[in-house]
Amino acid sequence: MATEQTSDDTWTLAGRTLRSRLIVGTGKYRDAEQTKACLERSGAEIVTVALRRVDLSAKDNLLSWIDRDRYTLLPNTAGCYTADEAVRTLRLARELGIADIVKLEVIGDPKTLLPDNEQTLAAAKILIDEGFEVLPYVSADPIVCRKLQDMGCSAVMPLAAPIGSGMGIRNPHNIGFIVEQATVPVIVDAGVGTASDAAKAMELGIDGVLMNTAIAQAKEPERMADAMRMGIIAGRQAYLAGRMPIRAHANASSPTGGLIE
Amino acid sequence: MSGSMLQIVVNGEARAVESGTTVAGLVTALGLQREHVAVERNREIVPRAEHEARSLADGDVLEIVTFVGGG
Amino acid sequence: MATEQTSDDTWTLAGRTLRSRLIVGTGKYRDAEQTKACLERSGAEIVTVALRRVDLSAKDNLLSWIDRDRYTLLPNTAGCYTADEAVRTLRLARELGIADIVKLEVIGDPKTLLPDNEQTLAAAKILIDEGFEVLPYVSADPIVCRKLQDMGCSAVMPLAAPIGSGMGIRNPHNIGFIVEQATVPVIVDAGVGTASDAAKAMELGIDGVLMNTAIAQAKEPERMADAMRMGIIAGRQAYLAGRMPIRAHANASSPTGGLIE
Amino acid sequence: MSGSMLQIVVNGEARAVESGTTVAGLVTALGLQREHVAVERNREIVPRAEHEARSLADGDVLEIVTFVGGG
Amino acid sequence: MATEQTSDDTWTLAGRTLRSRLIVGTGKYRDAEQTKACLERSGAEIVTVALRRVDLSAKDNLLSWIDRDRYTLLPNTAGCYTADEAVRTLRLARELGIADIVKLEVIGDPKTLLPDNEQTLAAAKILIDEGFEVLPYVSADPIVCRKLQDMGCSAVMPLAAPIGSGMGIRNPHNIGFIVEQATVPVIVDAGVGTASDAAKAMELGIDGVLMNTAIAQAKEPERMADAMRMGIIAGRQAYLAGRMPIRAHANASSPTGGLIE
Amino acid sequence: MATEQTSDDTWTLAGRTLRSRLIVGTGKYRDAEQTKACLERSGAEIVTVALRRVDLSAKDNLLSWIDRDRYTLLPNTAGCYTADEAVRTLRLARELGIADIVKLEVIGDPKTLLPDNEQTLAAAKILIDEGFEVLPYVSADPIVCRKLQDMGCSAVMPLAAPIGSGMGIRNPHNIGFIVEQATVPVIVDAGVGTASDAAKAMELGIDGVLMNTAIAQAKEPERMADAMRMGIIAGRQAYLAGRMPIRAHANASSPTGGLIE
Amino acid sequence: MSGSMLQIVVNGEARAVESGTTVAGLVTALGLQREHVAVERNREIVPRAEHEARSLADGDVLEIVTFVGGG
Amino acid sequence: MSGSMLQIVVNGEARAVESGTTVAGLVTALGLQREHVAVERNREIVPRAEHEARSLADGDVLEIVTFVGGG
């Protein structure tokens, strides 16, 4: 059977050459075993993690079981509502020795978890000055994305829909504008709900997709990890293949001549 | 060396530790692997290289953090 | 890397056990070489063909180069506008020794190429009486599909959109009704335009997808064949995995407790 | 063997063939592989097994079909 | 205030010249008073009614309170699953003296209430032969609609979505095909849920909309009757006005020259 | 015929009590006559205007023919790319004696004409301090809208789609969030293309719609002005009436009992 | 005039009526306005003009219908 | 009254006006209705009340604006 992807379709993020275009989160899984199984089946090379106070009752620590030779950890700033909190969180991540690339996420509202783009811009500036490779979670707003890439972010990560909503791509048109103007990788982050959403996102010409809930909260997370891995590749290949034009009317696929009479 | 105790706050909870306790000592005492945590003392990061040397003072407020699963 | 599909996810069509859920047409390709390459990369086990008067100027005949050990040929009745024409065409296919399973397609209008369901029902009845395994191309109409399955068709093949339009699934709701009531395999036939359409179709719980133009008229047909193969599997796996619920609001993927203060 | 000719129609085109020509003979004369075609004579299928035996008659209308790429 | 509609925008149905393009049902209302109020506020000139066994316990009969000088009654065949039942029902309607125009509705399935187009075609033929002016409820299927108009139906009434579902127009593309080929009025029947659905239907170029549940089951039916009346006119006027083209990019509405510097 | 709207459905914007929920632009019309005709038929009480260098060749000035007793002029800052330009423009508008309420519009990109929300926030702050009643054109971003209303804006005006695109409401979900949290009127500004778009916008629970191109570039602008006036009222009334629930399956509108047997 | 009764079925329910009862008589006896109903007797429509004249027979099955609200 | 001329810029175009010309004078000279325009002189708004009093100086850059149709 043909291989899943053509070996030459790699991409570069913050100086790293990557084969997988799927970045996955490590939250909401039943346990470490399920997390590991899903990471493997997703084919991901980068996985997100959150920074929290140590839980003295926790039996094992993520850092003790995650395969850091295989996965690059991407610390996020989930739960931060101001630029200061986000910066403080990522400085601690750097002190932990895991901050080569960071996911900047400054939330503006607890109900929608939509980003506060103004605070995100402020935090990105500080972090870039401190030498971080910043991947900001941002609205599907071409103007803000352009400011972030011009400022020196290593990618822009517009959302498809609210975090954990699974609503799919709410504004493909704006994602298209962001791709048209992009000078850094465009990663759709949050809102993807199923494999066709992931494929559709890739068909917009983006470089990758970041997701967590869609895999972790599927009835069978391991199987959904497979589905997402393939959905991403399918969408990417379809984008590269160049889809057929959409026609308002029909167009026969069998010859219209040579019919018996 | 005195047996006097220091009152400190670790991750929001009050604790008492013997005076002279270092950051490294506290981390170990809490059963944590030092390479798995980062420490803030009174809002300032204590570089891991200084955990051995840095002693705690009465009233210190510490944040000891690590990574957990997240998206 | 994980294999593309779990070996146990097979399906049965007219007594055949199949692994691939993608059925492809052989029309509109540049030449035999491109056709063969696309069939291979699609992973298809069944391919459609049309019956036409022999072209005395044609240098080679499809039957001389297509690998019949690998592919089951599915003769169609493209171009037929009445039950009689369709029946006559398939009797000739049977005389050619290639009519184990047949695609019944009775067109009602040259502009839309939408099916004439009334004529299709009439032709299906005759063909089933003559022992054919009938796969009818039909509107996404649950009532007609129920009649066809009750009559003894081996599958029902509702359209996603007009043939060759690439518009994707126009009426997912009706496809859902057809799946709910199905006693035979449901194959979405016609209208799929890109990989995410194929994945989305499979996520509706159908058994397979039949397409031709979406692959043959992509800028790079071979690559699109790959994309479709994987899109179909991705959608199928996502359906089996059971997607997350869609939420009107957000839902954090990182822990909401344990934040530094 | 007679030199008289039969006027027939093959796939919509008029042709003349020698009397006595069989279906099989016609198919071969057209340069076709017999296993790649099916034949209708005056709207009735001529089973392949009978291609050898069945001779054409003046005025016969034949459809000779095969498979081509289609969706 | 400008008048609601231009006086010249009338249409003709089965020989009647009509000003209102909204046909409403009389089912599911709280009582006769509410029904009357909603009919008035809808501006309808034609209203549908169902034929049933007399209810000996009913205090008043619809025929005793509905204003037949104002409204043309349109008997339907709701609940009929065969051509015979539908024909029998409409012959009784004729005996009741109310069958100038009739709504032919042959249901194929109790869950979806989708039409059985095959039975509908059979019933339409009989009814037309008996001199009825037939308005058939039918799938959004251009092929079936063409057969019905060619047979002599006085209009075709494709559905927007299942009866009482309020899902809006599921298949605008097929409605468009039906309008393109129409030789009789096209009335979208069933599935409209709110005023924008009604406007959108009219913008497809149809002649009218038939609805019942969307008004009767709104929280305030009387107010929704107003909304629908205006939504229908708004959509019709927008269709006649000829909407602006949809652009992929922006287009300034203020002058781009003459800016201060 | 029933009146177009219930007299009690007024709303308040910056202290003004308004009956019309449609605000229209005055750009892109053929001439003053057509502009006046469209304003009248739209029923608008507020109309936008742009500030530009005087055109010494212009034969008449908008201020000389527009009926300022009837319409409140709403100066905009179209063409401004920075907070400074916008503030400078509106100070000149005030000097012209027409700045009771102002439309703040700071553009971030000439191709999409999407707003620069960061500059818009900065300009809003200055203008509010100077006593202006500020109506900001903004992304459909609940976080930015909340900041603007908290800052003291008199309304928030999220876009439906890019200015002059006519694409309709790209992100109804976010508009819904903005309405849920609103403490000031929500006016959808830009992107509406036809009457059903306007009705659909109002059905989201917003207070009004601002448009220009959809009327000015219709084939018959005057008729489209009628259509929009009624579409806005229809959508508003439907919102107030409370639409029926959307059902996945059908629901009969005629009695299911009492059928003949 | 005989006192004998006829057994009939009206809209699915068994009823007894005096022999000699006409369709019109039954409709009136049921408290219905004649112009508001149509009548089927043994699956055949009884034209309103004949309601007066037509007498019921033992075993008759009648459907008496009218219009109700519907969509 | 002097015949000397001032070089000014009005809406981006160079113009010459007699010295002593006021803002009001310029506006009128341009054929504009004063109540229809606002004037900026060297980036500062000149309140309408001062149009009569304020004389132009050589090198003044003026913006004279009004309202036009816009969305």
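In this document, chain identifiers A, B, C, D, E, F, G and H correspond to the written order of the chains, with residue numbering beginning at 1 in each.
In this section, a contact is a pair of C-beta atoms (placed from the backbone, for glycine too) under 8 Å apart; a residue touches a chain by one contact, two chains touch by 3 or more.
In this text the structure is predicted, and so the values were computed from the model without any measurement.
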{"item": "Greatest separation from chain C - chain, by CA centre", "value": "H"}
{"item": "Same-interface partner of A-B, chosen from the options C-D, F-G or A-D, over half of the pairs matching", "value": "C-D"}
{"item": "Cα-centroid distance, chain D relative to chain H, in whole angstrom", "value": "97"}
{"item": "Distance from chain H to chain E - Cα centre to Cα centre, in angstrom", "value": "64"}
{"item": "Chain centre separation (chain E, chain F; CA means) in Å", "value": "32"}
{"item": "Distance from the mean Cα position of chain G to that of chain A, given in whole angstrom", "value": "74"}
{"item": "Numbers and ranges of chain B residues touching at least 2 other chains", "value": "12, 40, 63, 65, 68-71"}
{"item": "Shared interface positions of chain F, touching two or more other chains", "value": "25, 27-28, 50-53, 55, 76, 78, 92, 111-112, 114, 163-164, 167, 173, 212-213, 216, 248, 252-255, 258, 260"}
{"item": "All chain pairs that touch each other", "value": "A-B, A-C, A-D, A-F, B-C, C-D, C-E, E-F, E-G, E-H, F-G, F-H"}
{"item": "Of all residues in chain E, those that touch chain C in their complex", "value": "108-109, 111-112, 114-118, 121, 139, 141-144, 146-147, 161, 167, 170-171, 173-174, 177"}
{"item": "Residues of chain G defined as touching chain E within the complex", "value": "11-12, 30-33, 35-40, 45, 47-48, 63-71"}
{"item": "Of chain A, residues touching chain B in the complex", "value": "25-29, 35, 48-56, 61-64, 73, 75-76, 78, 91-93, 95-98, 163-164, 210-213, 216"}
{"item": "Contact set on chain B toward chain C in their complex", "value": "12, 40, 63, 65, 68-71"}
{"item": "Complex interface listing, chain C residues touching chain A", "value": "1-2, 4, 6, 25, 27-28, 40-41, 43, 50-53, 55, 76, 78-79, 88-89, 92, 111-114, 162-167, 193-200, 203, 212-214, 216-221, 223-224, 226-231, 233-238, 240-260"}
